[in-house]
Structure formats: structure tokens, C-alpha cells
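What follows is a group of structures, each given as C-alpha cells.
Shared between the two complexes below is chain A, which pairs with chain B and chain C, respectively.
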Partner chain A sequence: MTDVTNATISTRGKRRARRNSSDRTWTFYVLAAFFAFYVIALYGPMLSIYILSFQDLRGGLVFPMRGFSLYWFNELIMQTRAGDVSGSFTRSIYLAIAVTVITVVFSFMAGMAFRRRFRGDTIVFYLMIGSLVAPGLVLGIGIGLGFDMAGIPTNWFTSALGAQLSWTLPFGILVMFAVMSRLNSDWEEAARDLGASRAQTIGLVVLPVLAPGLIAVALFGFTLSYDEFARTLQTAGAQNTLPLEIWSMTLNVTSPALYALGTVSTVISFLIIGVSLGSIILLQRRNAARKNISE
Partner chain B sequence: MGTGNGDIELAGVTKSYDGETFAVDGINLKIPDGAYCCLLGPSGCGKSTILRMIAGHEDPTHGEILIGGEDVVGLDPVERRTAMMFQSYALFPHLSVRDNIAFALRVRGLSKAERNAKADAMIEKVHLTEFANRLPSQLSGGQQQRVALARAAITEPRVLLLDEPLSALDEHLRIKMRAELSRMQRDLGITFIHVTHTQMEAIALADMVVVMDQGKIRQSGPAREVYAEPKNRYVAEFIGGQNVISGKVSYINGTRATMAGATYSNIEIPLANGKRLEDGQSLDIAIRRDDIDLVRAGGDLPDGSTSVEGAITGVEYQGTFVKVMMEAAGEEEFVAYVPERRFFEESLSIGDRVLAIWQIDHAHLLA
Partner chain C sequence: MKLNKTAVGWLNVTPLLAIMVPFFIMPIIVVAIASIMQTDGFGGMFMDPTLENYTYVFQSALTYRLYFETIKFAALTLIFSAFIGFWVAYFLVFHVRSKLLAMGLFLICTVPFWTSNIIRMISWIPLLGKEGLINQALMAMGFIDAPLEFLLYSDFAVVVAYVHQLTIFMIVPIFNSMARIDKRVVEAALDAGASKFDIMRYIILPMSKSGIALGAIFVVSIVMGDFFVVKVMSGGGTASVVGAFYEDIGVLQYPSAAASAIVLTILVMLMVALILRVVDIRKEITQ
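Right after this comes the complex of A and B.
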């Protein structure tokens, strides 16, 4: 939802910016220079990594570029000396999907529950915030130790899942609070008035109205989980997730394979963001299409 | 489409949210089948709570609500066969006009073809055919209201409940939609209960006006009765169009009495049948603003009339009449609605001392 709002703001901004250049004060040029510097500082290092990942066999970790090929991408998949990249990638995706589903379902339910006051709601809220602000590394160590003391082996689909949820759930619920403000309780009452059962009200009114917001929560859940490191480090057990694998590679792999991995995971992140935004836009298009039919 | 059984009876209905204060305090009310009833009162007087209790969105703390002679407390809105139109209209924002109107049929499990046919018939009835595929946000306020009305009416309710249905519209549209509501009610032939805080809206629409204050009914009856013969000071002042004067009875003589106050003396008042007055008793009387005539101070009183003297403090031209505000009879604002031609014959202006004259029999004694 935030992305959508930003998009509308920026189109509005563009319209306003289109004016005579002689109107501009010196502050415009100072801020423009500062912004350009910011963009270079933000994207420069990332771009170098993407470019360097396309070197051939002779490639090294620094410029200049040596050749051009997809050699290091192949190296990644082949699981030779680079480590278990494809395995950790699969685990990360499965984990992110599980985290997304659980986050969306529970954030939705919590959002519905927090619309009214209930016994202990403040306590639940602060516990949630607590888990959000607690240092992830410490929280991860705590969960790892807890599993150890209970004699349960840590694993990416048990302890790491829980550790990641301690981060994505509060986040999702906070987003849900903002999303819930779109929901007018008159709609639910009207649905009841028209004979809808509670389940029908949720299925036919509440969920469709909140759909863009729920997609936003899903997007948060997925991306937060997909690149989660601190909480996962001590809870993933024997098999690494992708961020852990990358981290261990920085310690012992000194080839552009590391860069290739960076490129691949960035592409995947963008794909996921693209799919989410695309589905939000699709929802809006479908609504707009109705208008065109009638005109 | 008269369905009968749309008569409503509230017996000792009370609603309290905290067990101490009462939003609705012991209401007894009978609304006949097919009536257009307006619940009128300031915000917080309990009128919306009564509506929501009849609709089944809230339960009374005590008392019975009967629709068609059957106690409906605890039943769902559908079982009561009531339908409610919300102040915000509560149109589902993601559904087209057709899908909004067909919603009640959809949750009842009608097939798509069947419910669309019925919805389209209803859409035609409210003149929205060309908008059937639009979303609510693409409609004007008046069109949204018609969608809300159609959506409520498609369930074939025996009672339609309207919560401040006109308050979201601008003045011009409000008067137009007011006529449309009245037409819809005649077409459907069912009981309408309409909550409003606008006096003119209530008396223009209603067969029966219920004036409420602080959870209690202050007066209920036909619009003309409530307007012309208010029972008490509250109703007279809330409905408006009346000057209320307080004083003490000072002299009783057969069919007439005299009343006096701090800043005036000798207002003659009629002795209504069945009302006993005693010497020295405190009394409020109401005189309609349009029953008052103004002449310059020192003029003659016609037979059978009485007057108070005061200074004009303000004049508002209203087209068909002129609203003249005076300081008289100890009231902050004593108002006369003088017919336009008559006002300009007298050529009165602010600061002039005048006599406000009315027929003694036109004064109305309040409880």
C-alpha cells in the first residue's frame, strides 16, 4: 500500500516540478547535487557487484573487468567450491513462503482483533513491540539456547521459522493496523443487515476490501524473511539459509561467484516486488475496467 | 408490494451501555403499518440507538420490540425482515452498483443469472440503469443514496430504517432526495423509520413525528400537530417557528387569564378546555412566529388581541416573508415572520419600538 501511495505522490510531484528553470533558487542545485551523490553512494557499490559478476574464468574481486561470461553463475549452480547455493536458496524460498503465509493469516486476525479493546490488549501490544525492537542476534541466540536446553535440535523449518516470525509478525501487524483504517465497520454491519453470515462477510466484504493491504503485508513478510540474517544465524541448525550461505562464502570464497550470487538474489527480490505490485495494479485495473465498460 | 405486518411497537424499551446512564430511557411507541415515521432530536438523544435496536444491530437492556405483533428481540435483521440504510450508505467499495444491490440475493445463494435479473429490475426502478457497472466511488452523492435504497429494498423488508439518510448531501440535493424518499415509500408501501436532526426534513416527510430528548419521547404525533401544538417548551423550541414566553398567571376571569413576567405585564391568554390555572402559577405559552403582527408602539390593539412591546434588533429578508427579531417579553429573541408586503407598508427598521400583536386565541399553553 505504501508503494502505491508513493507512486501517486511522485506523479503529482512531477507535475509540480515542470516549471521554468529560471524560477529555481540556489537551494535547488545544492539539494540536487546532494541527491545525486546519495544515489551514487546507494547504487554505485551494488552496480559494481552486478557488473563484476559477469566476468569469465579469469575474473577477480576488483575492477578492471576480465572478460564477459556467465561462468560464475554456472559455478553457483554446480555446487563445486562455492558451497551449497542452490540448496540454501531452495530452503530460503520455502522458509519465506511459510513465513509469508503465517504472517498474513495472523496479522489479519490480529488486525481484526485489535479493532476493539480486549482484556490484556496493551500487554499483547507491548510484547509485540518488544519482540520487534529486541536485538535480533541476541533473540536468535536465546531461541537457539532454548531449543538446546529443551533437547530439540535447531532446524531451519522449526527454530529459524519461529525466530523469523518474531520479527515479521509484529511488523505485519503494525502494517495491518494502517491497512485496517480502510475498513469501515458500517460495511460489516450492512452485510449482516443484508443477511450475510460472519464467514460470508469476511469472504465477500472484508477480504476483498483489504486485499491490497494484505498483499503489502505478504510482501513485507517475504522480503524480511528472505534476507533475514541476525535471528537466523543461531537458529538455522545444520543447513544454511541463503543469507547465511552468502555470509559464510564471504569468509572463504574469494571469487566472483559471490558477486553472481548477489546478482541472482537481487533479481529474485525485484521479481517478487514486481509480482506483488503487479497484482495490486491488476486489482485496481479490474476496478477501473468496470468504469470503461459503462462509459 | 404492501406486505402488511409492518407495524412496530416499542414497550418500555431501555438501553444502557454502562448500567448507570440511559441512552434510551423507557420508550413506549406505536408506529402503524405503512407509516412514514421520523425520529427527531439533537445528536445523542437516543434516536439512532432506537433505530439500531429495531434493526437488530443492538439489543435493548430492557423492554420488548414487536414487529407485526411478534417480539423480535434477539432475532437477526433478516429474520425481522427489516432493512437498514446507513448514514454513510455503507456501499461496498469493491462491488459494482449491480453487485451491491444483488448482495443480499448472493448471500441467500441465488444463481448469478437469477440475482442479476432481480437486481437489474431494481436498478431500473431507481433510474440507475446506465450506472449498473460503476463502482460506488464513481457515483454522485444522490446516486449513491439511490443505490443504498435499492440495496435495502431488494430484500423486500416490511420495515425500512433510514439513519440520517440526507445528511451527507448538499442543500439542493437534500430537498430533491427528500421527495424521492417520499415517493419510494408510497411505491413500496412499507413502514419507513427515518432518523434526523433536521426539523424541516421531519415535518416535510413524516406522517408521524417523534420528538426526542435525552432518551425520552417529548411528543409524538402527526407533523402538523407537533408543529402547531407543541406540548412543552422543549418541543416548541426544538421544532422552532414559535415564540415561547414564560410568566406567572396573575388574574383569571372565566375564559381568559392574564399573565405577567419580569419585563412585561398583562399578556392575555386563553383558558384551554380541561386545563386548570391557578393564580400565581408559572406558565409557558407559545405563539407562532407567523401569527404575529407588528405595529409602531402606541398604535391600537384590535379586538380579541394582546401584545408585548419591544425594540427591533434585527431584520432578515427571506423572500416570501421578513424575519424580524425583537427584544421583548424578556426573551433574548422574540421573532415575528411578517408577510413581505405588510412589512414594507409599515417601513420599520432596526431600533424602532413596536408592538407585537397576536390574537389571544392563537397563543398555545405549554405543559
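Right after this comes the complex of A and C.
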């Protein structure tokens, strides 16, 4: 009996030892290679268009690279061949800012509501999921037709704004769910016990704790709007947003100007990501520092 | 003033509803109404309720071909993105030992999500084209004599572009559900003599099922509702349900387009409802 137990323990010990010393079995190397391949396939194509956008006048859509200049970026700004790029760009930024602000505020409120069950919450939840998965172009056409019937002209800052919100809000709320699961309701109770009003509890306890998550929601709102195409196509009215401009370029323009636009648009995206991630890290550091002081 | 729970809840979701009603419910109703109207053939519509538009949609052989194509793309994209997403997440959660490194690699996977989808799609052109990098490389190495034609403007290119765009929707939820698996459970299973295959089958797969389902909702609904990728990457050779819808709108065939849009919307909702039966997504996210 003891022999058997000893034997089991010793094999178990051996197995554990083996696991700790050389956990790097063949599966690790296969999966590491797989992961590397995925990352290369993810970034490789994007890199190629950034490189190709710096060609000169002779440039084409494929390698090899012909010359090196900023010719195609200049072409973009001159809007001789490429249409109204800078105008659509400005509109997209304004629209994305509006979508971001509304998404953050409304998602926060809805997130607070969904923390507790209330009568009819399931209906609201599935309504939201429905809005998320419905075909974007169908919704866009419905909104366009509806505005038409009501005699209201479609415009990027009215109908397109609403159309984009029907997609960014459910997304923002789903992110909010994940963020709120980390909010301990004991903290709010403690604040109330210490005599904080409802507004003070939210302003001094809930918001600072959730701040990194709210920035994440803002990042979602901004980038989803900045990139939105299907819902905007039929709702933007006479003036294009940037993705619509890119869409018409893919159909008409066969020059590296298209790639140059891709490069510019990506630089903006990376700036937004950088600022967001930077502020999340900053906030978390500050929170951690506060914790240290209080301890 | 003391409000009860239900009133507070509804007050908090009022702004959400103020968007959902005019920009989700209203357009669906408008499209549903348009689908039972009749057209005068010149873009005008008049109200004389009819189901003709629906019989037209269901009798047309084109409809079935379009749905077959679109569902084929959705299924292929789902298979590839789930496979890649699963193993990438598995690698990050179970094989990368440093938590910081795992987070860093995870971020590397997610960054492209914040950049333009359209740009990412176009970026395959210099690679897959007839004179693209892949053909150039293969020819230089002597594997092929003539450029491979199927690489760009083909079904292959469409699937590549979809998988490239949508795998991220698989990685994030699968990563989240795998990260919640208690490593001690795996240890215990190893101690009890379970093989790697057993651990995968009885622990990891069942526990990441909800992540896969959540990702599948995004992948299926996006591919089913897309026409952009199919249009550009297939070079016009393949149509999609939404693409045909868009063309009908272009030639002012509103009622029949609306009928096909309603059919599509119902189909997508049914697919999502089917996936939701597998996973309680609300419980899943709030955990």
C-alpha cells in the first residue's frame, strides 16, 4: 500500500519536475511559430502599402518601389484628382468626436442601469444586441428612407451620427459590462455610509475607479465611428466622410494616392491609440500611487 | 425623492432608447413597410399591401445563389478565424509565462483593430495581385512559370480579407474566457494522469466555448451584412446578399430590395439567437 503511494508520489514528483524544467515541449514551438506567422500576416500587408505610398510620380500599385517622394501625399491635399479628401477628413474627425462623447456618456448610464436587474431589462438588452448585429446597410437605407418620408434632409451630423450610434452604443455597453464587473459595490456603500450624496458617490468613487475603462469605451467609440462605412453610406447626405471617400477612391482611383490616404489615416489611428493607452496607463499609475499612500 | 429600482433602471437606459428607437426600430419598420408596398417602376412607391415582393424573392434562383455564396463566406471565415483565434489565445494564455509579455503580445494582436478596415483590405492588393509580391517571389524561386491568377479578385482573396479583419473578434473573447480558467485545474488533471488531448477536450475546450460563441456572433453578423469586401476583393466576380440589395437600391427597386433585406435581417437574427442559446452572453461578460 505504502509502496504504491510512494510510487505514485514519486512519478508525480518526476512529472512535475519535468514540467517545470522543460515545459517548452514541441507544442510550444509549433504554437510560437504559428503566432509569429499570424502577426506577420497581420502587419505585413499594411506595411507594404505604407512603403508604396512614398513612391514618386511613376509609382504604381505594386512592388517594385518606383522612386521616393511625397508626391502622392501632396496629390491628396491638392484634391485635383482625388476628390475632397481634406473636407471628408475634417468631417470624419468631428463626427467621431461627437460619437465618442455620446457613446461614453450613454454607455456609462446604461452600464449603471444594467448592474442591477430591473423589470424589462432583458428586452432592452436584446434590443441592443439586435442593433449590433443587424445588417448595417439595411439600417442605413431604413434611416435614409425614414428621414425622406419625414421630410428631413439626411446629413452627416444628424442621420449619420444616429446611424453610427446604433452601432457604437451596443459595442460601448458591452465593453462597459466588462469594465463594471470590476467595480465593487461595497465601495459605493462605504461612501454612502460616510455621508456622501449620490452625486458625490458617482463623482468621487465610481468615475475615478472606472476612468481607465471609460477611456477604453472612448477609444472604441472614436475608432468605430472613424472607420464606419455601411451605416454611413446612405445616411451621410451630400458630403462624404473619410471611409466613404476611400470607398469611392477604391472604385475610381488606381494610383498610390489611395495608399497615401491609407498611410495618413493609419497615422491618425495610431495617434488616437497612443493617446488613449497612454492616459490609461497614467491613470492606473495614479490610482496605484494613491493606494500606496492610503496604505 | 426615492425612486424604485425599475424606475432608476429605465431612467438610466432612456438615452440609449432615445437612439435605439429612431435609429434601429424605426428603420426596420420603414424597411418592413416598404417591403409590402408596390413600385410604379420609376422609383415611386404606392401603398397597396402585397406579399408579391416576398414571393419574388423566394422564387428567384438568384436569391438562393446569393445566400449560398454569402453563407459559404460566413462559414469559411468562421472556421478559419475560430481556428486561428483559438490557438493564438491558447498560446498567449497557457504558453507565455510572463504576464506582462502576454499582455504585450495581446496588444500587438489588437492594435490593427483600431485602424481602418478598408485600408487593411486594400493592403492585400500589392501582395496578392498578378504582379504582387507573392507571385513575384514564387516566380523568382522557380516554383511557378506564370503568375497565379486565383490569389486576387477571387473567393480566396475574399476569405483572406475577412479572416484578416475578423480574427481579432475571436482572439479577444477566447482570450478572456481562457484567462479565467484556473491553472490549478489543469495541474490537477495532469496529476490525475490526463493526457494533453484529454485536457484540451475536457477542460479547455468546454471552458472557452463561450468565448468562441461570442466571437462567432461578431464574425457571422459582420460577414452576413457586408458587401464591401466581397465587391472589392472578388473583383466583381462574386455577388453577396447585401451587394445585390445595394444594387437594387441603386436602380430604385425599393420594395423588392426591402423584402430581401427583411429576409436577411430575420436570418441573421435567427443565427445569432441560435448562438445565444449556447452562451448567456450577459452573464458571460459581467462575470
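Keep in mind that, in the parts below, the second predicted complex is superposed on the first by the 247 of 295 C-alpha atoms of A that agree within 3 Å, B and C clash if a C-alpha of one lies under 4 Å from a C-alpha of the other, contacts with A are read in each partner's own complex, and residues count from 1 in each chain.
Criterion: a contact is a pair of C-beta atoms (placed from the backbone, for glycine too) under 8 Å apart; a residue touches a chain by one contact, two chains touch by 3 or more.
Keep in mind the model is a prediction, meaning the values are calculated, not measured.
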Chain A contact check, chain B vs chain C, more residues touched by chain C
| Now for A:P208: first (chain B), second (chain C), both, or neither, which partner does it touch? | first
So, A:F157: does it touch chain B (first), chain C (second), both, or neither?
neither
Which partner chains sit in contact with A:R192 here, chain B, chain C, both or neither? Use first/second/both/neither.
first
Which partner does A:P45 reach: the first (chain B), the second (chain C), both, or neither? second
(request) Scan A:I143 for contacts with chain B and chain C and give back first, second, both or neither. (result) second
Of the partners chain B and chain C, which touch A:Y94 in the superposed model: first, second, both, neither? neither
Once chain A of both complexes is superposed, is A:N184 in touch with chain B (first), chain C (second), both, or neither? first
Note: in the complex, chain A contacts chain B through residues 184, 186-187, 189-197, 200, 204-205, 208-209, 287, 290-291, 293-294
The residues of chain C that touch chain A in their complex are 5-6, 8-13, 15-17, 19-20, 22-31, 34, 84, 87-88, 90-92, 95, 97, 105, 107-109, 111-120, 122-127, 129, 131-133, 136, 164, 167, 176, 190-191, 196, 217, 221, 224-228, 232, 242, 245-246, 249, 254, 257, 261, 264-265, 268-269, 272, 276, 281-282, 285-287
So, in the complex, the side of chain B touching chain A is made of residues 55-57, 76-78, 82-84, 86-88, 90, 92-94, 96, 103-104, 106-108, 130-135, 138, 151-152, 155
So, in the complex, the side of chain A touching chain C is made of residues 12, 15-16, 19, 23, 27-28, 31-32, 34-35, 38-39, 41-46, 48-49, 52, 61-63, 102, 105-106, 109-110, 112-114, 116, 118-121, 124-125, 127-143, 145-146, 149, 162-163, 165-166, 169, 173-174, 177-178, 180-181, 219, 223, 226-227, 229-230, 234, 243, 246-247, 250, 258-259, 261-262, 265-266, 269-270, 272-273, 277
